[in-house]
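Letters A, B, C and D mark the chains as written, and numbering starts fresh at 1 in each.
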Amino acid sequence: MSWLMIIVVVLSVVLIIAALFAVYQKDLLLAVIGTSAVSVVLSVLFYILQAPDVALTEAAIGVALTTIIFVITIKKTKRFEE
Amino acid sequence: MILNILGNVLITIGVIFLFLGALGIFRMPDVYSRMQAGTKATTLGALSTVIGVGILQPEWFWKTLLIAIFIAISNPISSHALARGSHKIGIKPFMKKEGLDSYENVSIEEEK
Amino acid sequence: MRKVIAILLLIIIGYYSIDTILKIPFGEGVKGVGKHYLESTIKETGAVNSVTAIVVSYRGFDTLGEVTVLFLAATGLGAILYDKKGKKRSLQNASLIVKTSSKIIYPLIALLGAYVFVHGHLTPGGGFQGGAIIATGVLLMFISYRSFETNHKALSIIESLAGMTFVTIGFAGLIYGTSFLQNILPFGIPGELFSAGIIPLIYVAVGFKVGAELTALLDNLLKTIK
Amino acid sequence: MIYIYAAFIILAVFFAVLRGLLGPTTSDRVVALDNLTTISTAGLVLLGFVFQRFIYIDVSLIYGVLSFVGVLTIARYLEGGL
């Protein structure tokens, strides 16, 4: 197993953990942090798979803009899920 | 040759500091110490790694220098805002004795 | 009972998706349409980045549709959040460190966004990413300064002009060439800034349009009283 | 040489993710996310060097510039200023 394969496997495990964290969290702010972590890891995975255009889109939109819009929306509505 | 050795040494230092920063945020006792480990050590690690790559590939040097400048500007801002926010919502620092939190009594004058 | 049905469904869906994934030939060379695109984009469009060539040149009409969808989304959000009284953002000022450094870093972010969409045919990125980066820079000023305002009229004028530029380039292709969005300019030398015909012009227009739309959207979102 | 770098970066990602999962308060998890983005910025430059592609560096540049805006917004939300 080459070192690149090991990195891909570790990042995939982190991706699944972060996604499950985001889904099962009752505190919506923490769920937003989970989705942001998913974006970070997914962007690195796209980069390893030699798709820099998609990685750049994921970095520009997933890491910054989506997080911000979700946080503003939480501020306007409420933070905890019932 | 000497550039090659210098670049590899810088990358090694940077990667070790990245690891130590992550170990710091795992082992430290409270938010503020974790933030200190996670900002200072990690910023040095990222700077050193990026500059090391720029030295190994001389034609990439200016772009990597740009990345390093951006990291050096942007990383402390978010950490400062985060520390301020954490103190405002009432997270206490880890203390052996009471009364060591001198930031508690400072009234922050908001500017216009 | 419901759980048993759910598990059965999951097993069936999982079996077929694994079956499909195993049939994809990973690790072999590129063939079919992908091979044609990779070999002939530089000859046919003049763009070095073949993703850009596909998005703007071969599938340019789809990109016009995507821009329209984004425009409709921004308009719909503005219509939902419309409020005559809600003129002020309910922000407190940030600390001095955040204010000073965002004043320093905001022009750099705008410049980076412009770099990304101008170099769309040479490096990764393009109009959508550049516009999103510019909108993020403006948002940095929004969350740092209470009194920072954007001119809404200028934003809508920029947006309309950029959209009109896109459509005008398309009709120019229809008039002087054979089809909508046909390339009518010389290709130039591949790899230089002024090359690839109409692709950079379209990406500049898309970048301005997306940046203006996302800025207006964020402004609307921050300004409403809850 | 590349094995040493990969091992250290994987360990760093592991500890950051562990803190993000365990962290008692919200700020702990945000610190972990910030750390993860910084590690990714350095790691993307290193991967671009390994792949020997100059244009891939752009992704890392955008990452380094934009990743702090999301963390700043979450911090402003915690502060009550948004």
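What we mean here is this: a residue touches a chain if its C-beta (ideal position, glycine included) is under 8 Å from a C-beta of that chain, and two chains touch if they have at least 3 such contacts.
Computed from a prediction, not measured in an experiment: that's the story for all the values here.
K.L.:
Quick one: which chain's Cα centre is the longest way from chain C's?
P.N.:
The chain farthest from chain C, judged by C-alpha centres, is B.
K.L.:
A-D versus B-C: which has more C-beta pairs touching?
P.N.:
A-D
K.L.:
Roughly how many whole angstrom separate the Cα centroids of chain B and chain C?
P.N.:
Measuring from centre to centre gives 32 Å for this pair.
K.L.:
Taking the mean of the C-alpha atoms as each chain's centre, how many Å separate chain A from chain D?
P.N.:
That gives a centre separation of 11 Å.
K.L.:
How many angstrom between the C-alpha centroids of chain C and chain A?
P.N.:
20
K.L.:
Please tell me the distance, in whole Å, between the geometric centres of chain C and chain D computed from their C-alpha atoms.
P.N.:
Centre separation, chain C to chain D: 24 Å.
K.L.:
Name the residues of chain D that each touch 2 or more other chains.
P.N.:
As it turns out, chain D has residues touching two or more other chains at 9, 13-14, 30, 55-56, 58-59, 61-62, 65-67, 69, 72-74, 76-77, 79-80, 82.
K.L.:
Where in chain C do residues touch at least two different other chains?
P.N.:
Expected reply: 92-94, 98, 105, 108, 116, 124-125, 129, 133, 136, 139.
K.L.:
Give me the residue numbers in chain B that touch at least two other chains, ranges are fine.
P.N.:
70, 74, 77, 81, 84
K.L.:
Please list each pair of chains that are touching.
P.N.:
Here the touching chain pairs work out to A-C, A-D, B-C, B-D, C-D.
K.L.:
Residues of chain D touching chain A in their complex?
P.N.:
Touch list, chain D to chain A: 2-3, 6, 9-10, 13-14, 17, 20-21, 26, 29-30, 33, 36-37, 40, 43-44, 47, 51, 53, 55-56, 58-59, 62-63, 66-67, 69-70, 73-74, 77, 82.
K.L.:
Could you please specify the touching residues of chain D with respect to chain B in the complex?
P.N.:
Where chain D meets chain B, its residues are 1, 4-5, 8-9, 11-16, 18-19, 25, 27-28, 30-32, 34-35, 38-39, 41-42, 45-46, 48-49, 54, 57, 60-61, 64-65, 67-68, 71-72, 74-80.
K.L.:
Give the list of chain A residues in touch with chain C in this complex.
P.N.:
Answer in residue numbers: 52-53, 55-57, 60-61, 64-65, 68-69, 72-73, 76-77.
K.L.:
Within the complex, which stretch of chain C touches chain A?
P.N.:
Going by the criterion above, the answer is residues 49, 51-52, 116, 124-126, 128-129, 132-133, 135-136, 139, 214, 218, 221-222, 224, 226.
K.L.:
Would you tell me which residues of chain C are touching chain D in their complex?
P.N.:
91-94, 98, 105, 108-109, 112, 116, 122-125, 129, 133, 136, 139-140, 143
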